[in-house]
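Heads up, the next two complexes both have subunit A, just with different partners, subunit B and then subunit C.
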Partner chain A sequence: MKITLACAGGMSTGMLVKKMEEYASSQGIEADISACGLSELEERVTGSDIILLGPQVGYQQDDVKKEYPDIPVLVIEMMDYGMMNGEKVFKKAQEVIAAK
Partner chain B sequence: MISETDVMQIIVYAGNAKSLAMNAIKEAKAGDIASAKKGLEESKGNLKIAHQQHTDILQKFASNPDEPATMFLTHAQDHMMAAITATDFTKEFIDLHEELQELRNLIKGNA
Partner chain C sequence: MSETKKSSFTNGLNVFVNKFSNNTFVKSIANGMMMTLPITIVGSLTTIIGMIPGLPEIVVKACSLGTSISSNLITIYVIIGISSAMAREKKGDIISSIILSLASFFVLTPITAFDIGKEKPAMAFELTYLGSKGIFVGMIVALVVTWVFAKMVEKRITFRMPESVPTAIAKTFEAIVPAAIIFIIMIMISTGFAETKFGNVHDFIYTNLQTPLESLGGSIWSALFIMFLSELLWFFGIHGSMVVGSVIAVLFTTQAYANMEAVAAGEVATNIINSFFLDAFKGPRALALAVILVWMSRSEKFKSIGKISLVPSIFGITEPMKFGIPMIMNAVIFIPLTLSAAICVGIAYIATIIGFLPVISVNVPKNLPTFLSGFMAAGWQGLVVQLIQFVVVLLLYLPFMKKLDSQGVAEEKANLENQ
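Entry: the complex of A and B
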């Protein structure tokens, strides 16, 4: 499964990626998780099962949805993001992908 | 010691403030001035929390000169500056849209 995270610059989401990878590997799940800035999304998004947006770019959810109508777009919850809760964010992404 | 979570609080609240401010502009553009103003107030509330967190961190620096500054903290400050600019401009945009609306209504009334 491929998960792409995007925020303004890709830095804070980059930290969350580390936490999500840790959780995925602890569960023995193979996942390709990466982070980028919104401006690079176009080059990175190919093959993604889901796009996760940092809450700070939540206002662009509609635009991203329009741009990639075939990929589910989810805004990460503020609290999960603030606490860098990789496990919870990963599980939510899994749920959305499973429901696709 | 400044923790990653402390710094993250700035990013989260400043980020939320910016998101709310940008949404408020969208609402004003769509004609809903009342909810735009409400959104802006909410945005300012979030910014205030980010600011408080930032002040707390600065005070830690003041009391401990050996406190290491990280790139991540600089990044968080960048988020906060972006949010401050966004909320400032949002107020102006809402005012503009409100005035535009009044003008439109006047023109319609005269037509």
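Entry: the complex of A and C
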């Protein structure tokens, strides 16, 4: 499973990646989770099962969807993002990937 | 405001911001300018080293060379950055676009003959046109040339190669016709301008576009307004500094490079308001807020957000606090959120006018830890200014955060009783 997160510079999503990885490994799930800035998304996104956007760049959701019509694009909930709730965000991503 | 009104306003704002920041030209300026960061930061490092008193002459000379190569040729780097960003946007050929943009720029730049006392005069480009004075022509040329080039290739205004020709070779040939058309048009423009009173494109753009824009960018009021605007966008949950990044690049960067050039030439930098200044003295707002959360709030929720945010906040990362508190669409926090950056810039500006803070001519890497960034940009005075900003922001946020905190405590108490 490959999850790609994107925000402005990939820094705050980078923090969330760590929390998501912690949760995934505590559950014994193997997942390739990484973060990048929106402008690098093109190089990073290949093979991703889902793209998660930080809420601060949520306004770009429609364009990202248009760019990658085959990959589900989800904007992370503000509260989950603020509290860096890796478990909840990971579970949501899992749900969307499973429903694909 | 009613719920529906509020959300339709936010949606409208989202659509507008999306349109603006996804505009190919705006995006290419922002991404292209970002690509020039490494060289300007390295150039700034040599500036900082060169400022150390008591250095041997040879080290001072070496440092000045480093600074001048990064600032006096900045337009060349900007062209390469913007042209490749635009080519990536338009899915054009990157190297061809860069070469064509550079060639077009040089065609538009006057070559001067200098009499150096030998039989032949030396022919040379003047550094002024390749440094801060050429940035606008460089930006425009890189954007327009790369865009037109990509469009022409897309519309197949080109030689049609037979199928049997290998793609790599065909691609080179396909570039010839559009490149020739663009190049010839540029030559015509350059020759045409030589006949006008301006003499060349540079002086025309400089008088009619760059000077007015620079005076706008040089004003403290436009700087304060942009700071406010950037935070106002955050209030609506939009990454403000990312959106206004290209506006800042257009309004405030030429002054920054002019300062660098001045320092490299051993002169005094004079442009107080510039992009380096704004980057370094937007204020340690994230850290101030995190300190309030960790040490001055009683609500469990705020304390835990503070703990998550404290270390990242030293590097200027604010997202957990912005979305955790939340500060987005939170009327209580509106005033400190939207005003603190502008107030910080105001403080630094006043500190410069009274002669305490030197004029900033150094580009400090973004996300360098708070206080270190102030020190790097302006020595101990920079550190002091950031400390003052820190205290002011802390005091500004405190009453509003106190209010939110007591609300938070009340909620937590109510939740506990309900269980």
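One rule holds in what follows: the second predicted complex is superposed on the first by the 100 of 100 C-alpha atoms of A that agree within 3 Å, B and C clash if a C-alpha of one lies under 4 Å from a C-alpha of the other, contacts with A are read in each partner's own complex, and residues count from 1 in each chain.
The criterion applied here is as follows: a contact is a pair of C-beta atoms (placed from the backbone, for glycine too) under 8 Å apart; a residue touches a chain by one contact, two chains touch by 3 or more.
None of these values were measured; they are calculated from a predicted model.
Colleague: Have a look at subunit B and subunit C on subunit A after the superposition and call it: clash or fit.
Modeller: With subunit A as the common anchor, subunit B and subunit C collide in the superposed model.
Colleague: Let me test your reading of the model: by the given contact rule, A:12 touches which partner, first (subunit B), second (subunit C), both or neither?
Modeller: both
Colleague: Please indicate which partner A:39 is in contact with in the superposed arrangement: first for subunit B, second for subunit C, both, or neither.
Modeller: second
Colleague: If you stack the two complexes on chain A, which partner ends up touching A:82: first (subunit B), second (subunit C), both, or neither?
Modeller: The answer is both, since A:82 touches subunit B and subunit C.
Colleague: In the superposed arrangement, does A:63 touch subunit B (first), subunit C (second), both or neither?
Modeller: In the superposition, A:63 contacts subunit C only.
Colleague: With the two structures fitted on A, what stretch of subunit C runs into subunit B, 22-30, 40-48 or 328-336?
Modeller: Only one listed stretch clashes with subunit B, namely 328-336.
Colleague: Check subunit A for residues that touch subunit B in one structure and subunit C in the other, and list them.
Modeller: 7-8, 11-12, 15, 54-60, 78, 81-84
Colleague: For the complex, give me every residue of subunit C touching subunit A.
Modeller: Per the stated touch rule, the residues are 14-15, 17-18, 21-22, 27, 31, 34, 88, 234, 237-239, 241-242, 304-305, 308, 312, 315, 317, 319-326, 328, 367.
Colleague: Which residues of subunit A touch subunit C in the complex?
Modeller: 7-8, 11-12, 15, 39, 42, 54-60, 62-63, 78-79, 81-84
Colleague: Can you name the residues of subunit B that touch subunit A in the complex?
Modeller: Its residues touching subunit A are 4-5, 8-9, 11-12, 14-16, 18-20, 22-23, 26, 72, 75, 78-79, 82.
Colleague: Name, in rising order, each residue of subunit A that touches subunit B in their complex.
Modeller: Residue list for subunit A touching subunit B: 7-9, 11-12, 15, 54-60, 78, 81-84.
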